[in-house]
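Going by the order they are written in, the chains are A, B, C, D and E; count residues from 1 in each one.
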Amino acid sequence: MNDSNPHYEQTRRKPWNDPRVRALIFQAVAIAAVFWSGWALIDNTLANMESRGISTGFDFLNQSAGFGIIMSLIPYDATMSYGRTFWVGLLNTLLVSGMGIIAATVLGFIIGVARLSSNWLIAKIALVYVEVIRNIPLLLQIFFWYFAVLRNLPSPRQSVDVGGLLFLNNRGLYLPDPVAEPGFGWVAAAIVIAIAAVVIIRILAKRRQMATGKIFPTVKVSVAVLIGLPLLAYLAAGGPISWDIPELKGFNFGGGITMIPELAALWFALSIYTASFIAEIVRSGIMAVSKGQTEAAQALGLKSGMTLRLVVIPQAMRVIIPPLTSQYLNLVKNSSLATAIGYPDLVSVFMGTTLNQTGQAVEVVAMTMGVYLTISLLISLFMNIYNRAVALKER
Amino acid sequence: MTESVMSPPKRTVGPVQWVRRNLFNTWYNTLLTVVIGYLLVTSVGPLLNWLFLDANFIGDSPEACVGEGACWVFINQRLNFFIYGFYPGDEQWRVNIMFALLAICIVPQFIEGFPARRWLGLFAVSGLPIVGYFLISGGWFGLETVPTHKWGGLMLTLILAYVGILASLPIGIVLALGRRSDMPIIRGICVVFIEVWRAVPLITVLFMASVMLPLFLPEGMNFEKLLRALIGITLWQSAYMAEVVRGGLQAIPRGQYEAASALGLGYWRKMGLIVLPQALKLVIPGIVNTFIALFKDTTLVLIIGLFDILGTVQSTVTDPAWQNVAIEGYVFVAFCFWVFCFGMSRYSQNLERKLDTGHRT
Amino acid sequence: ATTLESVKDRGHLQCGVTTGLPGFSQPDDKGNWTGIDVDTCRAVAAAIFGDGAKVQFTPLTAKERFTALQSGEIDVLSRNTTWTLTRDASLGLNFTGTNYYDGQGFLVRKEIGVSDASELDGATFCIQAGTTTELNLADYFRANDMEFKPLVFDTSEQTVQGFASGRCDVLTSDRSQLAALRSKLSDPSSAVILPNTISKEPLGPVVRQGDDQWFNIVKWVLFAQINAEELGITSENVDKMKESDNPNIQRLLGTDGDMGEKLGLPAEFGYDIVKEVGNYGEMYNRNVGPGTPLDLERGLNALWTEGGIMYAPPLR
Amino acid sequence: MSEQTQSTQDQQVVDSAKAEKTIIRVEDMHKWYGSFHVLKGLNLDVSQGERIVICGPSGSGKSTFIRCINRLEEHQQGKIIVDDVELTDDVRQIDSVRREVGMVFQHFNLFPHMTVLENCCVAPIWVRKTPRKEAEATAMDYLKRVKIPDQAHKYPGQLSGGQQQRVAIARALCMKPKIMLFDEPTSALDPEMIKEVLDTMIELASSGMTMICVTHEMGFAKTVADRVIFMDGGEIVESAPPHDFFGNPQEARTQQFLQQILHH
Amino acid sequence: MSEQTQSTQDQQVVDSAKAEKTIIRVEDMHKWYGSFHVLKGLNLDVSQGERIVICGPSGSGKSTFIRCINRLEEHQQGKIIVDDVELTDDVRQIDSVRREVGMVFQHFNLFPHMTVLENCCVAPIWVRKTPRKEAEATAMDYLKRVKIPDQAHKYPGQLSGGQQQRVAIARALCMKPKIMLFDEPTSALDPEMIKEVLDTMIELASSGMTMICVTHEMGFAKTVADRVIFMDGGEIVESAPPHDFFGNPQEARTQQFLQQILHH
């Protein structure tokens, strides 16, 4: 290569005009600023905590808590540790979030499809639902479900009694609790067999379609098998499940499974509120599938049901998933409003009572935020994996 | 081309036909129509009775409330408290002026082709907050100072939402630009900031802002509680805003960046003159939606002891003088929020529609 | 800076109170706070500034109160807080005394037909979160080998609403509250207060550890009020009392000695307290005493000379 | 192109002989969008095996017309009879007509979430209840015919425009329709791709399929059409064999249009 | 067109005389996208006032090449010297080069939120710090030159494609660049629009502007180019005056390409 060039003289390059150098300096400054403020924050906090005589560290997690919690998924009583209260609260949060996500998804899809219904009344009701529910603060809706509904439920003595098995009153919904007896193994086996049978049916159905073109009603048959087989086994084994039936003891019902009104109210409010957003997401997802797709399917002779199932929904899902993810995240975060009605979730139990008893605000709040951060990262992660799996193949 | 001489055949759109087509076109639609119709008839009637027909509107004491209906007398009596909180009665005209200014700025935004609409909008985001601060907090021009802990009710709700959105927008823009930067460390910092704030519930943020903040600050440094709630809300909101703005930035085609570069515009001019104006216009609906979300979330300040509209209502429904007015109180608050949020969401939907068609040409 | 200095710089006292508890601290719809806890703070403000109005109230839920005090968000916590060893020793707090002796009791709905706490096995309780009530209840039931279901609310309003809506059988709280809470029910006669008292609840103002001067100030403001009652000084006769020859009175009102100076307060701090807020008895009667909605007898809270246990060290 | 023109003339002789059964009959058909009169009394008979090219200025209603033929649009007056079935509101009749009519769109409208093969099989399997094996075999046949059997397992997004349009043609053919409708099948393509698709269509035409094609590719019209129809303002202005149509247009409007187009 | 061809020959005489100073020099320039070698050692000298047309099959690197010239893409090896400034990482030098080089894109890339006039003024005002009045006057001049002064206050979305592209040209000219780059400026246009734009470019060429134009409009190349460059596979295969290039291409690859293109 020939460097000597009559027209051109090497201009000296000033380092600060090099974008790479600029970028480096800028980033160095930024990271220094972040570290400096982070350090200042920690330093201040430690200094402040020391000067105010606040104890630090996580030793408190092993101390005995000394307070009761009305509902817990793992064994808990007042003699257990603060660490235990963390898990109780966390599980309660997960419980109501999980239930909420399922219910909100189902309800949201129904309402979203109803918005596009050809039945004028249904479409309008769905519209009213969406416009009313999503424009009222969630906290108010939680209060509404809690106090309005509680007021209208009877006291335990006057419980609504469904066949002596199921009771509803202002202490909650009481359901019989199944207890396995000898012989239950048969029923369990039947369930396993039913699942296996369904898998086989699906494979056979596919094969039959391959060979003869007949389309087998897989879904209906599967449901029938899944319900029928265990039921048969149950009857044949002479009913090897005894039911722990709730009964009135003293002031309240004992035995059975209880769903406390706080859980129910929070669950309703979260599901109904979030469903109104999901409905809009579903609707716009379906509408985002171009009209050409529907037309092409129709031109091929596919009926409207098939068009929806084979062409529209699979494509709508791509549009629906990302905003749906953020709704799930919102729901989990919103479950922290439990504290307003006394449902013992993580914020209420751990960031509430435990924090108050131990006074270790920094540790407790950090743990709580860590939990929400983890949940949210996990949900995003799963959704990203799903998203990648269904991404359109492009050139 | 000759004009069409034929007009479309008159459709038989008599009511019977309409009902047929829209309510009873298939057997399952018929079934659904009947079931839902029945439910509507049985529930709407009693509701209307309670809300209006049997309700009590006039009076000045609990005794005025008789019968089964709602007791709106209660709302009437306490309305002042719900709107202004503890703001002193003689000074409430100041708040009223602000309400009026706000209405003057906002209402024209809904009216197509209103003169000076753009300028009013600009004033709403720039001048109004400053005027509002001086007017409401006072201490200037011979106005009596009203400390922030006396602010409350609807007024406080509006202040929280308004300031929250205004302050979070610029921060959100900076974060969004940072997240799209070529510099890995800047990008990393922005991503972490955004994701962390988006992951935590607002009430934990408010809790930190309201009772823990002094722990993190140097000795002796302190702000007012309201200001701290605002900082918490703003930071939290700016993470959401950043994502909205990022959506807009991503929607700007690469060609726009390239054309700007080819003309010799540097990074900041490229962003300021070319990219951001387009991106922000694209995401106005998104911003309005964020605003609605924030507006509803302001109710959470109740949990940290600020008396917003829900707070004022809650603190009065337990007044022993009035029995069983909780439902009326909550319905009132719900209605207030609904009116604001519904209005805004309509606005954003309209915009969305308009931008949609505008973009296709 | 010391707490006293920063309070003086700021120009007002920052005082943590409840979000609304009749007789102790409650805002009316003008934002004026009333109650015995509120008056305690006013007395501190009066002692520092000579003006009982120079105080700002921060409403706090029970869960937030200690964090707010620890962080420096408030200067004094006067929020019917029970004095316990743990709180005193490990939260970095100091209790400055007791402005109300209370005990935990039960409010039960009549329809469950219970007349004694020992019959409450298996009942559901409405409690306020973050209170000693929560702990006492667990202790009491463990000690008596009974079971209970605690339903924990954030504020006392919600606790009452929970009880009123029939969600729980029993509302448990400090006895001083039960009567007032009962009066909030739409039908007060549907509930009764059980005779049992299951705990000692000395309620008093709290300050941060590590600032002895401030600790002393808040402590002695209360003592000054109790001493004033012993000495018969009231807000009405305080001006006349200034001329009194009684050295105790002179020291209290600052006409003699340097009591104020020792605390870092103006000499006349005692006079200001009584003038602005009144003595302990006045404060009691105005907020919770007979004739108020709470209608509570002095009982334990009477002066030691009158059969109670209110006793203040001498001002000298 | 000169060789092709020749072969077309040979074909025209054959074609006119077989033009027997009327497979599409349109009688005084009108359509409105709201109050806008798009189609103003169209009349058209198409015999089995006939190949018709429709052209005309933009907005003249060409697309609307052929979309009415398989009822993607509803006409409000007049009659359309396809394969002896009249198009009415009756869902069953619409279904049976659509089964016999294949359509190829300007923008292909392939299903992006299915592979090429799945795109081709979905209708035979779910509409005709063909066994999957068989459907796939047929699909591969047609993919071979449009010369892209090697792309069968790719997704539409991975193909070029010309390839996508050929898949769209194969997809329509897989239903073994009696009639094929094309709505400007080449106008969204790059010049090189156009040739691929036109070649495919010419091959198809030579197999005797009944075709109605909206296009402005006049070369194609000359090569394969039995009749060229010129539409303007929602009316059929002229309808003639290509030779006459291009050589001796009757209407002033047609002449004007042809001048524009051929000049280009 | 025949008249134009003639006038071009006249011009060529003039042009060759003035071809003095080298304004763009590319020396053994290489570029990679990741590990994909796009440009493989290009060498090119462009004299002031020279008009160069680049053609070549799709993907041959034409766009990449001219985008390197104003550093929209970064080259990794070799040298590019524009107007005596070497393109390196130095921001100031890039800025000063971009000021002298105008670019017109295939898809116009007008700023949709600004009027035509604002589009033209934004760079002079903010980059050259021209007073607004003056910038607007200049802009109007250039808009007159591209024959759309009456559209000055419309928004780009309200113009036809051809008008938009002319605005894009005017916008680039407003910076009074020494060099203009065109990247297939007509390929996104309808046939009728193409002529408008080509006419504008021909007029521009006759004013002595240095131009590098990627295009497949061979008519244009014949009319105005001083040199036609054929690229394939990231290399310059042939570079010759249009007369030789079209009349007597040296390389087999060029011949093949020309056949395809002229045939079409």
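Convention: contacts are C-beta pairs under 8 Å (C-beta built on N, C-alpha and C of every residue); 3 or more make two chains touch, one makes a residue touch a chain.
Note that the structure is a prediction, hence the values are computed from the model and not measured.
Graph distance from chain C to chain D, where chains that touch are one step apart, equals 2.
Any chain bridging chain C and chain E, meaning touching each of them, is among A, B; the list is complete. A centroid comparison over C-alpha atoms places C as the chain most distant from chain E.
Closest to the middle of the protein, by Cα centroid, lies chain B. The angle needed to superpose chain D on chain E by their Cα atoms is 170 degrees, rounded to the nearest 5.
Note on chain placement: the centre of chain B and the centre of chain C lie 40 Å apart, centres being C-alpha means. For the pair chain A and chain E, the distance between C-alpha centroids works out to 56 Å. Remark: chain B and chain E have CA centroids separated by 50 Å (rounded to whole angstrom). Across the assembly, chain D contributes no residue in contact with two or more other chains.
In chain A, the positions touching at least two other chains are 48, 51, 147, 339-340, 361.
Shown for chain B are the residues in touch with two or more other chains, namely 207, 211-212, 214-215, 219, 303, 326. Those residues of chain D that touch chain A in the shared complex are 70, 72, 95, 98-99, 101-103, 105, 107, 109-113, 122-123, 125-135, 154-155, 157-160, 171-172, 175. Remark: chain A residues 206, 209-215, 290, 292-293, 295-303, 306, 310-311, 314-315, 318, 390, 392-395 touch chain D in the complex. Only residues 48, 51-55, 66-70, 78-79, 147, 150-151, 153, 155, 157, 170-171, 249-252, 254, 261-262, 339-342, 344, 348, 352-353, 355-359, 361 of chain A touch chain C when the two sit together in their complex. Every residue of chain E that touches chain A in the complex is listed here, in rising order: 21-22, 25, 27-28, 78, 81, 84-86, 88-93. Chain B makes touch with chain E in their complex at residues 253, 255-256, 258-266, 269, 273-274, 277-278, 281, 358, 361.
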